[in-house]
Amino acid sequence: DGQAQAAPVRPLAKPPVRKLAKDLGVDLADIAPGSGPEGVITREDVHAAASGGQGAQATAAATQTPASAPAPTAGV
Amino acid sequence: MADAAIDPRELLPPDEPVHLLDPDGTYHEDPEHPIDLDDAGLRELYRLMLVTRKVDREAINLQRQGQLGVYASCMGQEAAQVGSAYALGEEDWIFPSYRELGAALVRQCDAAGLLHLYRGTWLSDHDPYKHHFALMSIPIGTQALHATGFAMGARLDGNPIVTMTYYGDGGTSEGDPHEAMTFAGVMKSPVIFFVQNNQYAISVPLDKQTAAPTLAHKAVGYGLPGRRCDGNDVLATYAVTRKAVERARSGEGPTFIEALTYRMEAHTTSDDPSRYRTQTELDEAAKTDPIVRMRNFLQQRDLYDAELEQAVEDQAKEVASYVRAGIYDAPHGDPMELFEHVY
Amino acid sequence: MADAAIDPRELLPPDEPVHLLDPDGTYHEDPEHPIDLDDAGLRELYRLMLVTRKVDREAINLQRQGQLGVYASCMGQEAAQVGSAYALGEEDWIFPSYRELGAALVRQCDAAGLLHLYRGTWLSDHDPYKHHFALMSIPIGTQALHATGFAMGARLDGNPIVTMTYYGDGGTSEGDPHEAMTFAGVMKSPVIFFVQNNQYAISVPLDKQTAAPTLAHKAVGYGLPGRRCDGNDVLATYAVTRKAVERARSGEGPTFIEALTYRMEAHTTSDDPSRYRTQTELDEAAKTDPIVRMRNFLQQRDLYDAELEQAVEDQAKEVASYVRAGIYDAPHGDPMELFEHVY
Amino acid sequence: MAVTLAQAINQALHDAMTEDERVLVFGEDVGKLGGVFRVTDKLQETFSEARCFDTPLAESGIIGTAIGLAMYGYRPVPEMQFDGFTYPAFEQIVSHLAKMPNRSRGTVKLPVTIRIPYGGGIGAVEHHSESPEAYWAHTQGLKVFTPGTPDDAYSMMRAAIAMDDPVIFLEPKRRYWMKSETELPVQTEAPHRAVVRREGTDVSVFCYGPMVRTAMEAAEAAADEGWSLEVVDLRSLNPLDTPTIVASVQRTGRAVVVHEAAQTLGMGAEIAARIQERAFYSLEAPVLRATGYDTPYPPAKLEEFWLPDVDRILDLVERTLAY
Amino acid sequence: MAVTLAQAINQALHDAMTEDERVLVFGEDVGKLGGVFRVTDKLQETFSEARCFDTPLAESGIIGTAIGLAMYGYRPVPEMQFDGFTYPAFEQIVSHLAKMPNRSRGTVKLPVTIRIPYGGGIGAVEHHSESPEAYWAHTQGLKVFTPGTPDDAYSMMRAAIAMDDPVIFLEPKRRYWMKSETELPVQTEAPHRAVVRREGTDVSVFCYGPMVRTAMEAAEAAADEGWSLEVVDLRSLNPLDTPTIVASVQRTGRAVVVHEAAQTLGMGAEIAARIQERAFYSLEAPVLRATGYDTPYPPAKLEEFWLPDVDRILDLVERTLAY
């Protein structure tokens, strides 16, 4: 379901990256979108933000399509 | 509770199972069980049994050749199935288990289609509505309830059809046929419970299956008449079933029929019956062969000749070949079909 | 299959249910069913029935006062339960459903403990091994298999005990008792199937439950004797059960007993029987009250006097008080116990 | 007009039986008595014993004959008197009802709707408060629907009866007396869709049947804490409306599933598995489950400690927000 | 010495019956025939018909009488002839076997071990290739064990019979003829423990029963791709060995669950739900499931397309590594 939402999309990151951000005091909302596919925030993005750099593109649009998970192959 | 007008003793099976044909073909008339078949009909019973035997043998061969995963032979049970199935009308329905090749051929089902179940091409391969022959039911005894529900539907609909369900001696121990007979008795559903007592449930002999005096003695407990017949005597199975069909069709309710027969082959091709029964027993059983018996009868009646024999053999070969052609190296279907028909 | 020496007709119930006591207390001797009780025993039957009636009434009151969530009364069925349970020995086992307060009191179970099930303090509150009274079984008919298995165990163990299971007319339609009787018949297990035919399964009357001539007619189909008794006649229920107990204990196998009785109260306190039965029918049934009948008998035998009446009333009050004290505002248990006894 | 959930089902059965003479209602005590909860009240009176009838006491018999009736051409709506008493019919449901259409390549249709009052919270004795939905939802070939409101009870029942597939229709018995101001007939969303009952931004709460009201109460209480809960009524347990579930979590980033059934392999397991698979990058916290404990259903007096309630939901909401 | 999985079970039954005269083995065709897979071969001969016997054809009867025998004091080991034929006994298993110890506060113990050959891949007709383990694992009060090797088959069977709890013992029938060089008797890990069959660093592959060998084959093939798979044989489906599961994912960060049963509400659902809950911050990728499809079990000729195999496992391994 790739419907665009009117509300701003939450920052996308896998759980270990979220933990890293917490541990380093980085707010994912500040660095979203990240440099991963479909704006996913990566470890590198977080480290870059933590060390004061800008590893990712600044958020350009207020809305964007959330990353869709790869289609499952197992099960219907 | 039962109709007070019916004496329960009338529901009990008579001491002797209905028996019209001796192994040597001698016919014993029984005024309670007249045979309303003409010569053509008598020959037809024989033909159907022989074709069943041949197709059954073909199926065994196909399994041995790896063309079927498994097969459950009905050898020895041809009279039980053919005689009873022949007593139904075209609009009547059969709810079989997995061994009813004979009944299926009477109904003109496509034998190759049936065998595709055993090949595993699909889980079943026939349209029940075409010949009023329900899908084969592998879980023991469960089909008795489907037959009963269908009969309930027919009665509710004012439709004078009859249903008949087949299961075995082992099946009588399961809860479902018990519940089916209870429903059928209360609702006077036009259903016939036809039990082929072939003496075994895989390796379990009858005396370990039940302590019932006969399986037909179970019927009285549901308010149903219980009737026994020599299951290797196609005229007996036919006649007893005809009576049950007429009774059901006239709205008088169900009947339970026990056909005494013997499973001449293994339970299925995966079974090794030498582990639980003797060759002696098998040899004794062979003496009651239902097909030989009917042939003897036809001969006594001058209804049997070389022409008939040839015609029947040819036809049997034809069906067997048809089956072989339909099964041999038959390709599997489209795997994508697995996702259809789920909802 | 059955022992060929047994004539199936002997397995059928006689035309008349065993009946020894008329409602007015007149006793009819039956040489087939002698009463081996002395005066004390006869009084004891009466006492147990009256106590059952009183405790049962107490339970209904407790439910109305919100102390029990629900309660299934056995009013009217005291003779069926007390007579039959009294015929067992101390080492014998009972496998009840949920209505057997009478049988429980015969076994000296703690009635308050039993009622905790209805209060919901725990799912059950008695130790089956203490009085050989299994946990109450709410899923209809399932306990018949437990009773059979236990009896199989006893027989295997060379232990001459007997088990008896109770269920109702509705229960005879379920698959499990059918399977239990099949197993019991084949294995000659020392189990008694005691069916209290109280004419209803909640709102479903007997004639919608089965078309069997009598429930006892079911037994022949398993190779078991089926016996009927006036379930409101405590001497009959006692005597018929004694015979069955002796038969089982001597290794001859199971018996099926149908006790004809009537459910005087609602199915449970949640039920409204005025929706499916008439006051007239209820009034008629009241005329066959089992306790009144036994009192009349004792009076005819000069075994009843004011002293007995007082003693029995006092004792009944005592048990009722005991139950009330155990149940009223009883606290719930420790929620943490929910996590014990899972594995 | 105020309509209870039970009345809504009664009306749905009535209307279905009126519009389609093939619809039959049967089971233990459903005819003359009108059902132990009166859900089939007056149907026998209105439509005759031929179409609404009492059966012998035999669940496998009820479902097996329903299959036969469906094969004949009727639309059977059999009742299982209580959740805990469905199990004698498990063989017929799993081996035949669920599979015959597939086995027959669609030739045999089994438009059977099995009505089952389920769930606890009514102070009942054993076997009367079970939540067996996961058994059914794991059985391929069965549709599993469960309304949480009177309107849905009416509409989803009509839809279930009308569809050609076998349906397990789970009626939340503790909500039978729940009222709603509504006019029947009513058509709500298609039964396989989940519906957002309350929009929110902080945590998605997935629920169904009896827990819909509980979850809504939790959302009210949560608002006092400054938490904005989105409550999603799943309605269909098989098929699950995965797109709606995923879209909600993509919005909120957090999820709590609520159900009475024991946790292990309850619906929450599948929902959590799907969410983490398809909304992986959106999850701020793991999907948590406010469910019955991994024990058999408790006795009546201990029910309140065992069943998920507003407090337990808020507890998990708080836990999930702590991530 | 080479021992097949079936022989290992046969030996376990033999040894258990020798050491404890209370152990009984019964079911359809287990006595004289020795079982349709010969797993109970010669037990009747050795221990007499009193202790190893054939029953009437009635699954509810088999389990219900097993309960009675257990109450008496025996240790029944009843057999359900095939997975698909267990369902007539569902009521006895779920309402009584699983609950009576709890219902009786531990007073009634039911040391029953139900043997069930399960799983597919043997080209069988319908109802002979089912994987019903999730039904059992969702039923509180049942232990569910399933060996994937001959050694475990022996050891876990001995343990199951010896414990006082009811056990559902699932025997992977396609592996009955799998051989192992071993000396019986053998004692492997306690049955409730999961065992790491192969250590790895990249992806944790959770499997059980028939899929253990498949997963090991996949790990071998994966090594050629440069992937290091850790294969964890779950062995116990209820209780699940959550600590071992979680520890593995904390090491690898990725997980694939493999089972034959349909995906929705199969064991993979619970495993995924627990992993994401307890190892949330370790997950580099969602837990994926290589399972049967959400359809009824296929016909024999289409089995190979439906069952998870090495390719499907590697496919998901690759997908998970792409995160």
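As written, the chains take the letters A, B, C, D and E, and residue 1 is the first residue of each chain.
Operating definition for what follows: a residue touches a chain if its C-beta (ideal position, glycine included) is under 8 Å from a C-beta of that chain, and two chains touch if they have at least 3 such contacts.
By chain, UniProt protein names: D, E = Pyruvate dehydrogenase E1 component subunit beta.
Note that the coordinates shown come from a computational prediction; the quantities given were computed from them, not determined experimentally.
In terms of C-beta pairs in contact, C-D outnumbers the other of A-D and C-D.
Our note on geometry: chain C versus chain E, Cα centroid distance of 42 Å, whole angstroms.
Chain D and chain E have CA centres that are 30 Å apart. Mean C-alpha positions place chain B and chain C at a centre distance of 43 Å.
Multi-chain contact residues of chain D (touching two or more other chains) are listed as 56, 58, 60-61, 84, 87-88, 91, 95, 99, 102-103, 126-127, 140-141, 277-278, 280, 283, 294-296, 323. Each of residues 14-15, 18, 69, 72, 76 in chain A touches at least two other chains.
Within chain B, residues 122-123, 139, 173-176, 179, 182, 186, 208-210, 339, 342 each touch two or more of the remaining chains. A complete list of chain pairs in contact reads A-D, A-E, B-C, B-D, B-E, C-D, C-E, D-E.
Those residues of chain D lying in contact with chain C across their complex are 28-29, 32-34, 36, 54, 56-61, 84-85, 87-88, 123-127, 293-296, 298-303, 305-306. Partner chain D is touched in their complex by these residues of chain E: 60, 84, 87-88, 90-91, 94-95, 98-99, 102-103, 126-127, 134-135, 137-138, 140-141, 238, 240, 262, 264-270, 272-273, 276-278, 280, 283, 285-289, 294-296, 323.
Taken in their complex, chain B has these residues touching chain C: 1-3, 6, 8-9, 11-12, 173-176, 178-179, 182, 185-186, 188, 206-214, 217-224, 253. By the touch criterion stated above, chain B contacts chain D in their complex at residues 95, 122-124, 127-129, 134-135, 137, 139, 142, 144-154, 156-157, 163, 175-176, 179-180, 182-183, 186, 337, 340-343.
The touching residues of chain C, counted against chain D in their complex, run 69-70, 98, 117-123, 138-140, 170-171, 173-176, 201-204, 208-210, 270-271, 275-276, 332-333, 335, 338-339, 342.
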